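Lettered A, B, C and D in written order, each chain numbered from 1.
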Amino acid sequence: MESTAVVLIICPDRKGLVAGVAGLLYRYGANIVHADQHQDHDAGLFFMRVEWSLDGFDLEAFGTEFQVLAAEMQMAWHLELMEDRPRVAVFVSQYQHCLADILHRHQVGELRCDIPLIVSNHPDAEPLVRFHGIPFHHIPVSASTRDEAERAQLALLERDQVSVVVLARYMQILSPAFVRHFPSRIINVHHSFLPAFVGARPYHAAFERGVKLVGATSHYVTAQLDDGPIIEQDVARISHRDQVQDIVEKGRDLERMVLSRALKWHLERRVLCYGNKTVVFD
Amino acid sequence: MESTAVVLIICPDRKGLVAGVAGLLYRYGANIVHADQHQDHDAGLFFMRVEWSLDGFDLEAFGTEFQVLAAEMQMAWHLELMEDRPRVAVFVSQYQHCLADILHRHQVGELRCDIPLIVSNHPDAEPLVRFHGIPFHHIPVSASTRDEAERAQLALLERDQVSVVVLARYMQILSPAFVRHFPSRIINVHHSFLPAFVGARPYHAAFERGVKLVGATSHYVTAQLDDGPIIEQDVARISHRDQVQDIVEKGRDLERMVLSRALKWHLERRVLCYGNKTVVFD
Amino acid sequence: MESTAVVLIICPDRKGLVAGVAGLLYRYGANIVHADQHQDHDAGLFFMRVEWSLDGFDLEAFGTEFQVLAAEMQMAWHLELMEDRPRVAVFVSQYQHCLADILHRHQVGELRCDIPLIVSNHPDAEPLVRFHGIPFHHIPVSASTRDEAERAQLALLERDQVSVVVLARYMQILSPAFVRHFPSRIINVHHSFLPAFVGARPYHAAFERGVKLVGATSHYVTAQLDDGPIIEQDVARISHRDQVQDIVEKGRDLERMVLSRALKWHLERRVLCYGNKTVVFD
Amino acid sequence: MESTAVVLIICPDRKGLVAGVAGLLYRYGANIVHADQHQDHDAGLFFMRVEWSLDGFDLEAFGTEFQVLAAEMQMAWHLELMEDRPRVAVFVSQYQHCLADILHRHQVGELRCDIPLIVSNHPDAEPLVRFHGIPFHHIPVSASTRDEAERAQLALLERDQVSVVVLARYMQILSPAFVRHFPSRIINVHHSFLPAFVGARPYHAAFERGVKLVGATSHYVTAQLDDGPIIEQDVARISHRDQVQDIVEKGRDLERMVLSRALKWHLERRVLCYGNKTVVFD
């Protein structure tokens, strides 16, 4: 795969944005490999993602000039090299299906990231993690030790230069202080079609309500529980024949699919957050 | 299509239920064309639907003996002839997509019912209804006239011997008194994936929340708004590109599908209510 | 809705395409409301769709200059005003579900087109068509009269300045000569998930094969039967319980959905054909 | 989980079948936990699956009497104890996603079977298999050694008393002689929506044809390639943006889902084959 750079942009919508960005890239001889934009007409916002080949491209000079354009257009932006692999930590508790899915996809090359560590409040996942050759950190958490545990977790994340945290059915609620360290960079999976069945035991609640579809939702974590920007959702059909255990099994497949898709899209720099929503570029 | 009878049964689960019903039918020489049963092990309940040919079958004698069995087994049951076509009234307001769908399906023979009247609080649907040769009753409703309007509606439903009421995007809330006349026999469509987005303007709420799927739900109406037993649900994928108007359009297709399916299954005597849930036999 | 213009472009991929188009639009003061592009790296092709407001825009002067750019870039392109409503003829035989769906959507404003006529080789659809206030032409077709029938059809289409023909379960095969009059402008629905079950009686074939999903496909018509560029496909789940008649009913819902979606996208100038494929812009 | 027995029945449809089976079970005091039946009216066939508790049940005496009934009713049947775990061999080549999925589900208890061995014509999967504590047999296969390889495979399957063979993207075609050893007991996954794209490289063929959905199919293996009774199918949406590699990735998720579902249903004794079709009981 050739080296590419990608720039993600949010700014007030106005004339000349595409022309400005595309024109500047053209002047520097960029070979664009993907470009996508979106306008939220109600909010008056413009979103753009452009990816171009770095072959013979003077990124430094471009960057200097781009900053001028970005300032003029009031852009919030970030520019990254696709070959810079984000460093991802996965947090897990006892259920390992999401973790196993992520590790398998990582192994076959679907997820462009490094995974320097796995953190768990239970010891169960250690063999699986070791099999994949990744350091495993068992950090138990209880109500009285949560602050201390989070300090230990944060120290590890800092040491390993982690930029993305994935909660793969991690059954502890992170403190607002922890969340503030990773704005729009903690991805959780909730086992319901949010905003239905917020909180604990959503499959039981779905069974009680007699719904005909169950769902799962991956979202960025914010200070408010199960309320962050949604990245992906999916559902599966159930019937009166499905007891809670059947729903749990069908739900497991949903959970791992929506979490892995969200992580993949995040790593490909395809997700932009604004307000409490996401733009996920194709 | 040959004449058939169908019996729907709910009773406490115990040994000998299938043997009892099937054995009795066999003694009367019934040719069973469909049979399905379900057990809710948690609730200790048994559900059964059996349909058999009436060709050379002594229904009266069978009925007498079946009542003895049913009493012994503490069955709640009802026995109907499939050729008895339920009489259905459709209530509609300004949006006609669900009504148009029902009338088209009725015309091509998908819905085994008679539709003796359409009731609306707006005049808009009259041409469509007249085209289908069905009497149209325009009964305006306001806060101050609701009771009077419901009395007029009930008089019409009684006069036309209506047994099923379909709310095809009827934008008025029926009084508990009205609902009590048709227990488990008023079918509504709500334009969200219940229990998410209960109440007014669910598509706007879905847009605000930034969900990635929108849904629709058909359910029996109970005294509590949007809380009755769910018959069918479905969803469609949306993206950041979909503005509220796009969601409304995608939602229209969901609404008419889930409402028409629910009505079809109800007419085929395939739906059993218990607690706040449904069993929908295949 | 404000007036907008849209340009659709296919050309060999090269540097500067987005910059060229966006730059030119910017120089003319265009307010872009939607823009999307795609690159087929294997084929070395670039595809673009841009839509912009005509408010205070000098379209004529832009057009002159755009032609120069287009020639330089070897673009195949067409530029249209979104307010120019394509004129659509619907061909139908005995099954009316797709026709009814199109007419209903047209009535509620989902389909931005005029429908000056409906053509059928059967008289059945006349009442429905008349209800919608559209002229109905009954042109019977037999093996010996096909040429003559097509001449009559073409005369009507020419007289009514029709640019798009929709085959809404029209059960006659059009001659290559007829098809040549409307390149990439005849939209058909085939009642299978193409390329499975090409040809006659696909639901029967699906039943015989014991598939677990049935599908429908909308596509542009080419000289080769059921082989044109696919615009949209969808599927529905079936089980061993579904007999042919059940499959036919489930299929009807698929057919009308995929055909109406294809027509809608075509009318919104979102579909580009190349080779035997389509690009459908979001 | 309590001990249960299950009987699967196919026979000519006639009166008294349900009464006969249910009545006999009742006389022996069976507590039925699941029962389902199906009639293919065209084929004149009756299908039944009954599962009942073995608690205090005289299976031997029942079995003797059931054989008399079965003979009288011309039943093809088999009776099994659900606690008898089928012994499953998984065959795999280089792609490990289906194997990894099966091993993970087996580990968490979703698949009620024993897996005494994994067979592969490549060495790649050995570490994964060893991690799960299962013997791995590397048996290379070439055109000239196929017969010998199959003899070695059959010897292992016999030694390990294997009753079900799963082809988890095993890229070799089994000989008719091998297939005859496991009638309706070899489960394969084909990476297309059969009968579309039979044979090699179906994702490439799907890409070339420009389909809008790709699929996967699990089926029992028969002597004719990709033509056996279908157990399960599923599809995923693709667009013009998906290149072959994207389709391959989306397809992997389909493949493991449809293969694992088929295996699960087979192990739960929910699948009956007849003609070239399956009945999959709920």
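Points worth noting:
One rule holds in what follows: a contact is a pair of C-beta atoms (placed from the backbone, for glycine too) under 8 Å apart; a residue touches a chain by one contact, two chains touch by 3 or more.
None of the values given here were measured: they were computed from a predicted structure.
Shared contact partners of subunit B and subunit C comprise A, D. Compared with subunit B, the chain whose C-alpha mean position is the greatest distance off is A. A comparison of the A-C and A-D interfaces places the larger number of contacting C-beta pairs at A-C.
Averaged C-alpha coordinates give centres for subunit A and subunit D that are 36 Å from one another. Rounded to whole angstrom units, the spacing between the C-alpha centres of subunit C and subunit D is 41. Chain contacts: subunit B has residues 41, 239, 241, 282 touching two or more partner chains.
Residues of subunit B touching subunit A in their complex: 38, 40-42, 193-197, 209-213, 215, 229-235, 239-241, 243, 275-280.
Subunit C makes touch with subunit B in their complex at residues 96-97, 100, 104, 108, 110, 127, 131, 239, 241, 249, 253, 257, 282. Of all residues in subunit B, only 15-16, 18-20, 22-23, 25-26, 29-37, 39, 41, 237, 282 touch subunit D in the complex they form.
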